[in-house]
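Each of the two complexes below includes chain A, the first together with chain B, the second together with chain C.
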Partner chain A sequence: MTSKQLPHEPYNIIITGVGGQGNVMASRILANMLVKKGYYITIGESFGASQRGGSVMSHIRISERSNWSPQIPKGRAHAVIALEPTEGIRILKDYGNPNVILLLNTRPIYPVAVIAGEIEYPGLDEIKNSARDLASKVWFIGASDEAIKLGNPILGNIIMLGALSGVSDLPLENEDFKEVILSTIPPDQLDINLKAYDIGKRKVGLPL
Partner chain B sequence: MPHLIESGEGAQYLLMGNEAIARGALEAGVKVVTGYPGTPSSDIVERLAKVAIKMNLYVEWSTNEKVAMEVAAAGSLSGVRSMCVMKQNGVNVASDFLLHLAGSGTRAGMVLVPCDDPGALSSANEGESRYFARLFEIPLLEPGDFQEAKDMTRWAFELSESIRNPVTLRSVTRMSHASGNVTFGDIPSEDVHAEFQCNGFMLDPMQGPALSMPVIYRHTEQQKKIKKAREIFENCPFNTYRGPDKPELLIITSSACSLYSREAIRILGVENTVGLLKLGTTWPLPPKLVKRYLSKTDKILIVEEVLPFLEESVKILAAESAYEIGIKRFYGKNDGIIPSVGELNPDLVAEALAQILAIDYQPVSDEYAEKAQRLATLQVPPRELTFCPGCPHRASFWSIHNALQLDGRKGFVCGDIGCYSLAMLPCGFNTLKTLHSMGSGAGLASGFGKLGSFGFTQPVLAVCGDSTFFHAAIPALINAVHHKSNFTLVVLDNGGTAMTGFQPHPGLEINALGEEVPSVDIAEVCKAMGAKVEIRDPFDLEGTRETLNQLIEDKHGLKVLILRQICALSPEKRAGKQYEMTIDEQLCLGDRCGCNRWCTRIFRCPGLVWDQQKRVTRIDDVICTGCGICADICPEGAIKRQEVA
Partner chain C sequence: MITIFAKLLAFLKSIDAFHRRTDDKVIGPKEGDISGTGRALFTIRLKPP
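So, the complex of A and B:
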């Protein structure tokens, strides 16, 4: 069984974003890293219309004892990874609580009504203030921008996973990441994924 | 999914519910697997198709669910285990055959796996497959977690063989598309031999012909099978109880709802007062077992999604045995404590429990909840569903919409199920005016097209996808031709069953196993029926619009326009952009242009962004797929495309 006791039983993580950001892939990598450590993992995913511009979220439940409901009860997230800024706030509305920690990718993906000029997307400062107001600790990470520098914006999800490994008490080890990611990507993509994971870790040096 | 076929008995993996069902079928030695794609069921057949050659399985994506069930039944009747997979709606399609099959009986184990979608997370309804079990008198199993999804699938084949009839294993979205730990069993390696023995005595269930007649005899036999299943269910390990010996309240539940109920009990800390009876066998109910637990308390809460199927069964049993177990107070859907629409979750069950037990339940403090609600309302924008950037449907509906506007006779479009259902929304210019089942756009159009003698003058269009064409549109089209109904069918041919993940269909030269197969040409099929057929590329906006107007004006019978362009999410399209798109900011007049921001406000491709600061349109290079068609809609020619070398 596991070497390290979980901070909560079960420990609840939500990864949220917009369809196409690699949300499902991120949740499965995280989950498989923890399965290797002997935990029971339950993932609940929103599918279907999500690829067509909608909000997506994955609920990940980590337990030493059993599988749990694939939907986390309201107000019971322990950590939230937001691949898109306003989606982080959307999640905190339902699953947040004063003790939740939040890792937030700062690059927006505008909904159609915003790009159509019908409604305005909030300023990043406003979102940051809300995030600080609703979570106990927040890390703002320019994951998409870093990923674009690496040559592919989809790597934002891996950067955010790296960031989580840097701030949470979960046993997320580089070796496990390497092994799990290798089973999902072509071998020639390994280096860039490892690099992305490391960037995420480095980005969470200090809570802002 | 490389480990799906690993032999390692006892090894533990993280599997989706659908993968667990696929593994369970492999452990049962399934040989024939069929289905029609539909969320949330598709992964089961997909995963098995990938290992089919290695495991010597026959796997096919059938033309529709009725055919899928017939093909699977042929396996069972020939002595090889078979499984048939579909989303709930598919059972409606297959039901006519299923009724007869339940009468004729099966031979080798045959399992029907419908995946329901409570809450319609990716469906156009929240229909129920559970009622078919009662309607057709076949057993119904519902796994309550991921391990059970595997183990019960394996067991379902044995059950089917012990009663010689099909068994239904019903999943739901939150089981099929959720993941959890699953410990593997072994995969058998024995050879099978397929032969349909049909020359024996007429009533011989294993050697005679497979018939649902003589009806009264077969129906009597079928009811004996159900009686046997009921007896087996009395001692089934998938019916479990957890809780105190004399609970104040008993929850009876099944499926993903058992996970919600367990969590709700924990949230409220009522483990010592609330008992949880989780049933894996929900039709027919094992009466002795259920009565035993009903006897433990006077208050019963039934937790299930959508319709009160389990509630009705339990109440009938309780009424019949009231003289033994006493009068019970029931809570559930009929009294409104559990919602009768939408999916459940742990909170809804906790709220129901809190109400019955008069406990105060509040997930977070009012202060936090109000603050979070206020900030979210202020800052979180709605995300309307839209066609993907580069989606051919946006182009198709742009042309259809414009053609109908130009025509000016209040024409409309009848739709059906596919990504193009979204054309009822602004992303499809609200063009779609009817939405029902697969192929129903064509059927409705066939009816609208016959109303001329009652003064009906509106032009009628129907749309269907390429896979839907084969699934259910063909009978409606034959009907239209034969009855000289006047309408235009637009086949939105995007080269696969795109919405569910590019499963092949009869129009393609490849099958589920990756083999080269003959394709059936949609245009030739329509021509053979006697329809007038045109083919266009929907990215040719003007040519498509012109053709549409010509077809709409032609008042003689069925016209078919095939709009052929591959889905933007297909591997071919994802490989690279055809065009690099740019905006000439000198030419874009922004607010001053008479177009009133046609590109960003009306055309609404996510790759086109209205720049609030510069007051011009810009291209989002990350989102844009380079399909190039927006260049054709800008009246000033400000959107430029350049072919990527």
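So, the complex of A and C:
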């Protein structure tokens, strides 16, 4: 028996970024939090050159009734978490729709072609305008910058999960996060992860 | 030395990621899947307790 009726059946979330940003870890934490609430979760992890800075995408399908197929059909995402700005725009173009919500980490990771001077990375204003055009609601979050302040840039994924818990209709509770993260990381990393999760909530305007 | 691919592979195995699963066979991830140039899709299924 699930704790809450989903706004959509199944509820489709995409977490996207580049290799090394903690995409897989974020999808697993989110899934474990939701399975505690009685939902069936199917994750489709798309890898490829991911460890060399290539794009990574996790499809997370949440259902009250059964496990769905691992890939979200084009145009059917309900929420997109972009750990990297242009990856978010790229995914929205394919999987977005007029009702999708977007949480976008504003710190770019430049691909090799940009570093080599072959192509230009779009400016943040251009990215923000595209995001507003492609999604119904957008939250721009300086997750990597906040994570660096905390002392570890990898915590950007946890900050983004905290932000999702603040804006989505899903039952993502602090206690569940604490339990799940404790089973995932060494105990001495708990406090900093809880802090990161709370920062994410604060960034979308929720009281701690 | 543990490569970054081996580390990712160990993590994928720990969460029961798979390529394909039939009634009697599971095709799990291999290091070549994640160290190659192509893309690979893995599935992870979780059910409520």
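By our rule, the second predicted complex is superposed on the first by the 204 of 208 C-alpha atoms of A that agree within 3 Å, B and C clash if a C-alpha of one lies under 4 Å from a C-alpha of the other, contacts with A are read in each partner's own complex, and residues count from 1 in each chain.
Just so we're on the same page, contacts are C-beta pairs under 8 Å (C-beta built on N, C-alpha and C of every residue); 3 or more make two chains touch, one makes a residue touch a chain.
Please read these numbers as outputs of a predicted model, since none were measured by experiment.
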For this session: Check the residue A:205 against both partner chains and state whether it touches chain B (first), chain C (second), both, or neither.
Result: neither
Discussion item. According to the stated criteria, A:32 is in contact with first (chain B), second (chain C), both, or neither; which is it?
Written reply: both
Request  = Considering only touches as defined above, state whether A:7 meets chain B (first), chain C (second), both or neither.
outcome  = neither
So, A:71: does it touch chain B (first), chain C (second), both, or neither? both
The chain contacting more residues of chain A, comparing chain B with chain C, is B
Note to self: Taking the superposition on A as described, I'd like to know which of chain B and chain C A:42 touches: first, second, both or neither.
What the structure shows: both
Where chain B and chain C land on the same part of chain A: residues 28, 31-32, 35, 40-49, 51, 67, 70-71
Per the touch rule, the chain A residues reaching chain B in their complex are 18, 28, 31-32, 35, 40-49, 51-55, 67-76, 86-87, 89-90, 92-93, 96-98, 110-122, 126-127, 130, 133-134, 148, 153, 183
The chain A residues in contact with chain C across the complex are 2, 24, 28, 31-32, 35, 37-51, 67, 70-71
Note: in the complex, chain B contacts chain A through residues 2, 12-14, 39-40, 121-123, 145-147, 173-175, 177-181, 256, 259-260, 262-264, 267, 345-347, 350, 363-365, 368-369, 371-373, 375-376, 378-388, 419, 422, 426-427, 569, 597, 600-601, 604, 606, 608-610, 612, 620, 622
Within their complex, chain C touches chain A through residues 4-5, 8, 11-12, 15, 17, 33-49
